[in-house]
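When the chains are written out, they are named A, B and C in that same order, and each has its own residue count from 1.
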Amino acid sequence: MATVNVSNQMCRPFVGTVQVLELEVDTVRALINELERLFPGLGPQLEESMAVAIDGVIVQDTYLEPIGPDSEVFLIPKIAGG
Amino acid sequence: MNYLGKDVQLKVVGTRPIRPDGVEKVNGRAAFGADVAVSGMIHAKVVRSPHAHARIKSIDTSKAEAVKGVSAVITGTDLPDIPSEEAFVGEGPANFREMSHNVIARDKVLYDGHAVAAVAATSAAIAEEAARLVEVEYEVLQHVISVEEAMADGAPVLHDDMFTQGVDPKPTKASNVAKRVEFKLGDSNAAFAKADVIVQRQYKTQPVHQAYIEPHACVVSYNPDGQAQIWCSSQGQFMVRAFCAKLLGMDIASIRVMPMEIGGGFGGKTLVYLEPLALALSKKSGRPVKMVMSREEVFRGSGPTSGGTINVKIGATMNGRIVAAECETILQAGAFPGSPVGPACMTAFACYDLTDVTAFGYDVVSNRPKVAAYRAPGAPISTFAVESAVDELAQKLGMDPGELRLINAAKDETKAAYGPTLKNIGFVETLESAIASQHYTSGLGEAPKGKRRGRGIASGFWFNIGGESSGATYVNEDGTVTVVSGNPDIGGSRASMGMMAAEVLGIEVERVRTVVGDTASVGYSFLTGGSRVTFATGMAVTQSAEEVRDDLCRRAALIWEIDADAVEWRDGHAHPAGENAGKSDPLSLSDIAAKSGRTGGPIAAKSSINAQGAGPGYATHICDVEVDEETGQVAILRYTAVQDVGKAIHPAYVEGQMQGGAVQGIGWALNEEYIYNKDGRLDNPGFLDYRVPVASDLPMIETVLIEVPNPRHPFGAKGVGEVPIVPPMAAVANAISNATGLRMPNLPMSPPHVRAALDAAKA
Amino acid sequence: MAKIHVTTKINGEDAEFLCEPQQTMLDVLRDELSLTGSKEGCGSGDCGACSIIVDGRLVCSCLMFGAEASGTEITTIEGIANGDTLHPLQQKFLEHAALQCGFCTPGVLVASKALLDANPSPTEEQARYWLAGNLCRCTGYDKIIEAVMDAAAEMRGE
């Protein structure tokens, strides 16, 4: 089960006080779908405006990135640059 | 694509060949945006608001239109009204409706320099003359410039529909605060009780402009069939295409953007200002239109980065371990929301291993140009404050500031203040290298009478991004290779692309030429920014080169009539392998290319990817200064930039990024700022009074490249371009503090401000 | 107002053009003569991107009227190389990676040539002060100075 941290302020309107979840998800797509199932509205929020850090590596704008069975996943705002 | 590994012998990557586009850059032939001329071209000038905040009551263009030689005049009504739509653009979330309103004002002007109309005429001189005849009736409103003014009770509100996001309960009254953001780990408030020593201070920075030497420029040709061509300087030809399509209500396929050479961007050219106006004018006039900003327009009308107010509080135990940290960052966004307050908060404490930390902030609008990205947006601002505070902590504890950082340094497996656990980072390596360096361990030398010398150290972090990139590799009929990159080259990336392809193909880099493709000639690439091109587009190019290499082997097998897997590629040649080894002479690229038709067709591969896993970058800078007690002038005596660069594909260009970024940071620290008068007008829209560093201000910038390879890139590359601007302000401020005993919490530390601080201390 | 007819010598070749009285030499180079190597960075003589050499003197072409070119000898970036052979300064700039975006490079090269014409053995400090009128935002000046010093040494035969 991946450990998914949704404590970021951007998730709060959807998850309330929930901070960490154990989820059975193997890709970012699966994560988006599962979070949407549990907290309606969070799916599009994550897909459009957020990035995920999987075991420390930040990924964004991808369905395909794999999530391991013991991965730590963190939801954070999308990153840009200049 | 995974890292090929430390044991792979590299022949080209890591060397310093001359860039493929170099000669035309030194002989004046390279074509930048303003160098383009097309048949039938006319010229346009923008009419800009002289008021910081005003309602537009009417615009009368009749006198302008009557001028002989004027072909078209546009106002806000000539761009379609588009709905509010959030999008993630170069520097972060943005709104297309707001972008359109920034490009040309609708009912209100929100800053001195805001575009209200544009005139196209047969010469630039006539366009300028006619622009002066556009009559705009304004109802001048009260304006606000600083965040304090914008947030004050009763402040004039820029947008009636702005209700602060991220606060609970949601406000019912409109204000200038667009949003609040927060990142926390543990409970910093409670953890301060554990601290033996606390430092707490407020810091202020001013907006600074990216100050690229090339003003914005474009030539746009709109044809009656609805198709358009754009030649422009930008950080992203696909971004220009997409934004113009959105703002003008056109299909993306109807616009073709040719990226010209770009004379500096640093984030400031990750969006559009002139292109949508030129499109509308070209459509209205039926002629191609050229638009170039003057330097004054660049300062008045294009986005600087935010200035802000930062409140930092750090608590530590006597042995130097930081037990609690808090940072509040209030950033100006300019006329529309979108300051980089999020990344400012996320990066503030990213160098440190902390369990109880809170970083929060506000995005505040005010009557200045809308901010645009500038190298590691947000990070230099919050880092200036935090790294100054860490230095103050070191002084209070009587500890060496480098050692204090080492005690608290983020390492592999450290939980970052913004959440995730960090992996494969090289921060400690940069610290240890800096602390052990000849620079750090040497004496400062005796200061002449009336001057004081000091040394400062500071560190910094930036995420770096990957993203969508495209590239292609073509083997030409004579065996030379053409590589096409999807990204404009702002730092020498063409050289690195060619080097990676040459490495994969085992040939000399001189046989590879790299060009930047236009939007119709190469696959989609996200813009050049976020330090992503060598990483992501490099990966796409490498992948396409590998496909070509595999195809070359297949062709060789066909030529020799052996099994495809019985061929290996070595030293730029196909060699028969296994039981056929030695039976035929090796085939070079030109040998195989000569038979490309017979073996299946042209030898080419393209690659479009979404590269993930860009490695974050860390840097530690050391700065020696000499402060003149009488004038307050600060001279930089010596500067060393140490950075974890992953793998330096072309070391000279990596060094160049480190040196350029450090010097921009020095300018930010010592001199650069916008000076507004009481009417909210910019008093210094030129290089005379907006003082960027010049050659005589600086010593050589020493660079130390630490290579901790990124396992997610075939050659281990990480982004390097943005991190170098993050530490310098604090490094300089800490050096001045070391020299004078005074903390400098406000930027810029220009001579009048330093002198005032020295005088105040004497009093 | 009638245009002014000007005859001059640019990069060793006779040149003539028509210009408006208010057109700067930079405007003339770029718009009338198609010599777009000199760049406009500021239009007010503060950035040096438009640097040219007029009768042996380093000048910002944006601060000179086109009409003032009459009877003078002018060198622009297009005239620095010797036909196919790059000037040592140009060669050293490439070897030292003394350019990133390349926009300031023409002006810096012309100014550097004027430096070495006036002083073939500048110290680092002299080179930095001479080039203080040429703004560069990309390089931090480090590799530019290295290239200039190296070119100077080569031209002295060292």
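The rule we apply is simple: a residue touches a chain if its C-beta (ideal position, glycine included) is under 8 Å from a C-beta of that chain, and two chains touch if they have at least 3 such contacts.
Fair warning: this is a prediction, and the values are worked out from it, not measured in the lab.
Trainee: Draw the chains as points, connect those that touch, then say whether the picture is a line, ring, star, complete or other.
Mentor: line
Trainee: What are the two chains with the top count of C-beta contact pairs?
Mentor: So the chains sharing the most C-beta contacts are B-C.
Trainee: Could you grab the centroid distance between subunit A and subunit C? Build each centroid from C-alpha atoms only and quote it in angstrom.
Mentor: 55
Trainee: Report the inter-centroid distance (CA atoms only) between subunit B and subunit C in whole Å.
Mentor: Measuring from centre to centre gives 29 Å for this pair.
Trainee: So which stretches of subunit B touch two or more other chains?
Mentor: Expected reply: 210, 266.
Trainee: So in the complex, which bits of subunit B are touching subunit A?
Mentor: Listed in rising order, the residues are 86, 88-93, 166, 181-184, 210, 266-268, 270, 305, 340, 342-343, 346, 372-377, 418-424, 462-468, 529-532, 610, 612-614, 616, 712, 719, 722.
Trainee: Can you check the complex and tell me which residues of subunit A touch subunit B?
Mentor: Answer in residue numbers: 5, 7-9, 48-49, 53, 55-62, 64-65, 72, 74-82.
Trainee: Once bound in the complex, which stretches of subunit B touch subunit C?
Mentor: 16, 18-19, 21-23, 25-32, 34-35, 125, 210-215, 261-266, 292, 294-295, 490-492, 650, 652-653, 655-656, 659-664, 686-688, 692-698, 700-701
Trainee: Can you check the complex and tell me which residues of subunit C touch subunit B?
Mentor: It comes out as residues 20, 22, 30, 35-44, 46-47, 49, 76-78, 80-81, 86, 90, 93-97, 99-106, 109, 125, 127-129, 131-146.
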